[in-house]
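By letter and in written order, the chains are A, B, C, D, E, F, G and H; residue numbering begins at 1 in each of them.
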Amino acid sequence: MDEYILDMDRENRLGFPEVIYGQTKSVELLTKILRDYQKEGRNALASRLQPEKGEALLEEFQGSFYDPVSGSFLLRKNELDESTAKVGIISAGSSDQYAVNEALYTLNLLNEATVCINDVGVAGIHRLLKRLDDLKKFQVLIVVAGFEGALPSVVGGLLKQPIIAVPTSIGYGVAEGGKSALHAMLSSCANGITVTNIDNGYGAAMAAYRIIQLLQNQS
Amino acid sequence: MDEYILDMDRENRLGFPEVIYGQTKSVELLTKILRDYQKEGRNALASRLQPEKGEALLEEFQGSFYDPVSGSFLLRKNELDESTAKVGIISAGSSDQYAVNEALYTLNLLNEATVCINDVGVAGIHRLLKRLDDLKKFQVLIVVAGFEGALPSVVGGLLKQPIIAVPTSIGYGVAEGGKSALHAMLSSCANGITVTNIDNGYGAAMAAYRIIQLLQNQS
Amino acid sequence: MDEYILDMDRENRLGFPEVIYGQTKSVELLTKILRDYQKEGRNALASRLQPEKGEALLEEFQGSFYDPVSGSFLLRKNELDESTAKVGIISAGSSDQYAVNEALYTLNLLNEATVCINDVGVAGIHRLLKRLDDLKKFQVLIVVAGFEGALPSVVGGLLKQPIIAVPTSIGYGVAEGGKSALHAMLSSCANGITVTNIDNGYGAAMAAYRIIQLLQNQS
Amino acid sequence: MDEYILDMDRENRLGFPEVIYGQTKSVELLTKILRDYQKEGRNALASRLQPEKGEALLEEFQGSFYDPVSGSFLLRKNELDESTAKVGIISAGSSDQYAVNEALYTLNLLNEATVCINDVGVAGIHRLLKRLDDLKKFQVLIVVAGFEGALPSVVGGLLKQPIIAVPTSIGYGVAEGGKSALHAMLSSCANGITVTNIDNGYGAAMAAYRIIQLLQNQS
Amino acid sequence: MDEYILDMDRENRLGFPEVIYGQTKSVELLTKILRDYQKEGRNALASRLQPEKGEALLEEFQGSFYDPVSGSFLLRKNELDESTAKVGIISAGSSDQYAVNEALYTLNLLNEATVCINDVGVAGIHRLLKRLDDLKKFQVLIVVAGFEGALPSVVGGLLKQPIIAVPTSIGYGVAEGGKSALHAMLSSCANGITVTNIDNGYGAAMAAYRIIQLLQNQS
Amino acid sequence: MDEYILDMDRENRLGFPEVIYGQTKSVELLTKILRDYQKEGRNALASRLQPEKGEALLEEFQGSFYDPVSGSFLLRKNELDESTAKVGIISAGSSDQYAVNEALYTLNLLNEATVCINDVGVAGIHRLLKRLDDLKKFQVLIVVAGFEGALPSVVGGLLKQPIIAVPTSIGYGVAEGGKSALHAMLSSCANGITVTNIDNGYGAAMAAYRIIQLLQNQS
Amino acid sequence: MDEYILDMDRENRLGFPEVIYGQTKSVELLTKILRDYQKEGRNALASRLQPEKGEALLEEFQGSFYDPVSGSFLLRKNELDESTAKVGIISAGSSDQYAVNEALYTLNLLNEATVCINDVGVAGIHRLLKRLDDLKKFQVLIVVAGFEGALPSVVGGLLKQPIIAVPTSIGYGVAEGGKSALHAMLSSCANGITVTNIDNGYGAAMAAYRIIQLLQNQS
Amino acid sequence: MDEYILDMDRENRLGFPEVIYGQTKSVELLTKILRDYQKEGRNALASRLQPEKGEALLEEFQGSFYDPVSGSFLLRKNELDESTAKVGIISAGSSDQYAVNEALYTLNLLNEATVCINDVGVAGIHRLLKRLDDLKKFQVLIVVAGFEGALPSVVGGLLKQPIIAVPTSIGYGVAEGGKSALHAMLSSCANGITVTNIDNGYGAAMAAYRIIQLLQNQS
């Protein structure tokens, strides 16, 4: 019985590598898998690592990077120029940072620079309206919000780019776990918003990358 | 066994009369109850009447009024001067009209003029921003929305009055039945929004009236 | 009180017009709104029309088009060349056709040709594998499925384009109403799939169009 | 990328300041934000602080106040005269105290004295009936209950003031998490009750303050 | 294959007969089953019959009885003396009558007189308090309510008899289908309330009869 | 503000005392309340105490009793003669013991001897059938089960006494938290079963006591 | 665009043919598909046909068969000898007949004789115990129940064959739609019960057939 | 009162022994029960043991076996020859290993060799297609998956054996707790898939064994 089977061919097939879901894997298993990537001369991302697992891997792999807010671990973090960013990430509150960062470091793995604009939730809508011109420059927008998840509806009515909405599990009472934000985003009256699973910054980054790849193939 | 017991004393106790929930009552029962009110020289409102029941009561009671959009029946509709309105009702889409009207005719029963501003949902937020000065004039705002229910969050961040949010059952998929809008309103990041049951225009009107009564008692 | 407020400026702002949600509107109201579009010399789409409402509008508007499967009504249907299609729509079963058609006619309104490949669900996966080369030609894929909603997961592991997953309400027992398919698509292990509300063919088309617009702006 | 954006203008716009949601913020971030308020010469409230975070802030900010029951932290607690209280808070059981206190300290930030009447749940209704005359003196009532959440229904049938119902997450089995109490309050047969999210003492206080502000503006 | 198997021995075993669940059975099948009871010289109850099925059976069985409010059909209705009633049924609103009647006619089948006290919901609690002395005379109380289902909590705090709570499906929004009332009754802070399924007047009557049988066996 | 209000009169009104819900109360508060009971010369029960709170109270109150399985604390445990027991408690599995014990010690407070028959779940139905004659001797049966909660349905078809069903939160997957067992019990095809909240052994004991009191009053 | 793609190869691959899900297909489409099967000289089953569609197909296809209880249509019904039946179907109540019949006619298509034993629910368990010896003769058991769904738990503790549990949507209140029965069956304490979707008699038949095929291949 | 009642006769009745559900039992109780089995000269399995309980039992029982991944404890692990395996277990990801192992060690108790094929989820479907010939050799397949639970649908369309689907609780957001995977499996368009409770590897093994027993009885 094989302990695991890596999908090393995924990059050829889809243009992006498999990412390692770290939540339920042990440090031992993660180390083995990451060594396999290292042997192939590749970078790799492990997501959702608890702090103690992140620390252990930082020690194991020289030159690696770990972000405790999102639990993202990279074999190496790419240095990228934000002024060339094709993707903008907008978030409603500073409590949503963990999902923002998961998207950010996934795009880093894929060599895509990203700009993050935080704390522009709809309860103080002037904060968003002030940034509209900046936002028009990006080719894809990732919009992150918890609680009532209203931000993508407003952004979607103001801007014409592809918009990927990410509900977060931030909130309490009926908002606990992120179902309120998820349902609000799926029900949005704004046209052409698409949605990822709750807290899935990683998936949003991959969806953005599918679009960017398309642009690159075309040009 | 008594068939029903009216709470005729409610007006003394609370300042407003009982309203008749018509959804599950027969025309016969409704007629009996309304005659009791008429004998006391009072106006009365029956809510949620199916069209055929509304038509039947219109014929039974001379000078009465029936609104088929909300299913509201009034023994007599008060003529009120909108320019004196203390309550403003804002709604996101024209499909929410039935809940708007239920609030409107409940306030009519209570002799309160009301102004309705429709179709100002967040997917085209300029429609709302244009009306802000008008909205500042009201003493209480009722905000009605279905689908993702985001309108009260935006209004609550822009205006300082008491805001009563009414989720509607308009929507499909995860929004069907109004739970998405309800949860979004309860989770709102805007401060001090309170919420009624789904489609409860009547309850919102009563809550607004409790506030108006307070203002009148004070002055 | 205005009965409705059209967002005629939306096309300038976002590049695509407002679409009329027809489910809860009367033929009278729909006729008025469609006349407003006609006067501006524009095409328009009303969605989710019950058959009797569709028939009534067909008589009212000469040269118009109504699809009873999806309930979509167009003031005029554009004749488009399928061989130039940038969007491919894949569906799992022939019962999903209504959501496929809603996407199809929304893209028709937007002047985008579309190719539909039906009945390629995962329970007979060879049907899908046979069509892989055809599918590689599209720039965006819309993947429609009810019941267990597994098709986007398989497609997402085989193809690199942007993939918009549309869950349908087709199914019974735990699948009734589409929540099983929705949740499966949101939970997909395939990377970078995004999802719309249940039965939201219209939203999927708009999301696809946001991507296509981006490609056109760039080139 | 800005770490956070304060909405310092909110007090001008709405008449009350932003409150800091402390549940998911670190002591470091909270300290920075509170220092910003202090520099502006303002008082501030951080809500939902875990005890160790509350203790840390008490040491950091001289003259500050922390209530471990509700997790509320104030830069300074106002000394107020209860006999002038416009808001009364009624709660069903002593286990609901945490939500009562969150409302109490939010109103303290806003300089509003408040009276709390605890443990008057409907299973021993004479306890409530005895206090009716006291309760008639307040201008706004906040009614807090967990389990079956029946208290607002009874209070709403006896008293005419604006009533803001706060469901708590106290209970087990079907009541766990507060959904039973929330749904009971939303479904109340009493007229004109409005409801906040589960455990949202803070939101109830803000809603009460919107009403009180209205009274003050008028007089 | 037998079409059905009657449990004719149930009366010996449990002291009460099987009742026929009529909702999904055809008039033909119901007639056959009722004839089987008639042949044994027994009375029988068919519950939840749609009006057209009730009418058909009334014609088929001479001297039979049908109540369209609850859909209950009896081969013969017993004439009972209310002044000897051991069971009292209390209901919150006149819309709950159908569940009250289902209990009433089930107890009629069992030869138990019953008194019904309607429309004493908690939003006008004086209506209940006035009847307390009457209520003390019964040996078992069945308490029926929809919406927020608060009535059993209040009754349970005032009276010492066994109390069987029946939630009804009357209500809208979050109360639709009766889950709010059910959960409120299960969560009741009043001691020793037990609960039946939603709309299960029949089950409440049977539970009451189990207690009455016990009293009779003992005396 | 009073910290708590005891309902000392409850015993006169209802025949049984208030029980102290200990889950969310501190040892300090519990000690105060228990001292109040002690001063009145009464016994008292605190339920749902975490072990460390139970231990602390055992030290504080001489001669007191604490059961760690159910978390029940008694100022003094009554010595009762099982052969006189009017209540039998049946449970499906040994994991349900905590709810059994909560009922047991509540009845102990009320001076009612009780017999417990454990581990007679329906997956090995001969274990139950063997005990039928024993079970016929009790006047009230409390039936406790988790997982699929089928035991009350079988017992209710075999025995004629009042049956109070208690669902437990034992189970995993769809049974986690006890909703499967609760719903099965509420839906039971057996006649006249009534149900308590999940894990509510205390409520079941109180409901049993209401019946026993009735028997005693009569004789 | 192909309207549909039949999986004619399925019988080679899996040993059984595709079945046509008829609920949402038109008579026209069904006729076309059935003609395709007829041309291949095959029998075919269309499931979940509304009566008017069943009638229309009966007229269209000579020698065909339609069962209105389950909505099953067969091009031809096989005459089979019940005494050779390898599959037994047990159901709790006569209201479950529709799901029993769907399994029965699916097995008929597959040329498998089947015996049905109805109305042996757990509320009168002697009815089941009497039939145990008959039941031991079958190689596979399909157990169908609605309401609390307890029958498979009891059967599973008494008999050693493979047991396929089918929850039905029969029931009201918390049992409405079949979730209570489904969850009870999934949570069963009896060992090795497996479950199908609600009302999925067809799937149960196919699962039974997979087992029978295995037996045949082996022998 | 007996602490527990073992169903020692189960092996005679059903062909397989009772398994001990260890999640909520103490080491003391487990030790007693296991000693009872040991005295009878039997092997036994305790499932769902937390690591510290597993360790304690390993020390207590010489020659015993504990798997920390699944929490399974065996009095003795049988040495079996994989090349004779009748059951194959397929899993989607390496995070599902715990449920795979629970099935594996349950079959070990029953003396059935098993082969496990891991990490063949549908997002990289070539991994599964490559193994088809291997999979055809087994007589029963257990298919384990979390997240969107699509693997059984694909397997069921490719292979003709009995297929037992096991949803796992692996996943986050809407997939958390395993409901998404469960619902997808129940809704599968593939024919004749049956399903166990979430994480119920044990139940799947027992269901497989019922089939294998049938094969053995026949041959």
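We take it that a contact is a pair of C-beta atoms (placed from the backbone, for glycine too) under 8 Å apart; a residue touches a chain by one contact, two chains touch by 3 or more.
Just so it is clear, the model here is predicted, and its values are computed rather than measured.
Number of steps on the shortest path from chain A to chain H, with steps defined by chain touch: 1.
Ranked by distance of CA centroids from chain D, the top chain is G. Homomeric contact chain C/chain G is classed as different-residue, with under half of its interface positions used by both copies.
One of G-H, A-H or A-B repeats the interface of B-E: more than half of the contact pairs, counted by residue number, are shared by A-H. For the pair chain D and chain F, the CA-based superposition corresponds to a rotation of 90 degrees in steps of 5. Chain B and chain G have Cα centroids separated by 50 Å. Inter-chain centre distance (chain A to chain C, centres taken as mean C-alpha positions): 27 Å.
Averaging C-alpha coordinates per chain places the centre of chain D 56 Å away from that of chain G.
Contact of a single residue of chain D with at least two other chains is seen at positions 18, 93, 123-124, 157-158, 173-175, 179, 182, 186-187, 191, 197-198. Taken pair by pair, the chains that touch are A-B, A-C, A-D, A-H, B-C, B-D, B-E, C-G, C-H, D-E, D-F, E-F, E-G, F-G, F-H, G-H. Residue ranges on chain A touching chain H, taken from their complex, read 1-5, 7, 9-10, 18, 21, 23-25, 29, 48, 167, 169, 177-179, 182, 197-200. Per the touch definition, chain G reaches chain H in the complex via residues 13-16, 18-19, 139-140, 157-164, 182, 186-187, 191-198, 200, 203-211, 213-215, 218-219.
Chain G contributes residues 93-95, 115-120, 123-124, 126-127, 170, 172-176 to its touches with chain E in the complex.
Interface of chain F with chain G (complex): residues 92-93, 121-125, 147-150, 153-154, 156-158, 171, 173-175, 179-191.
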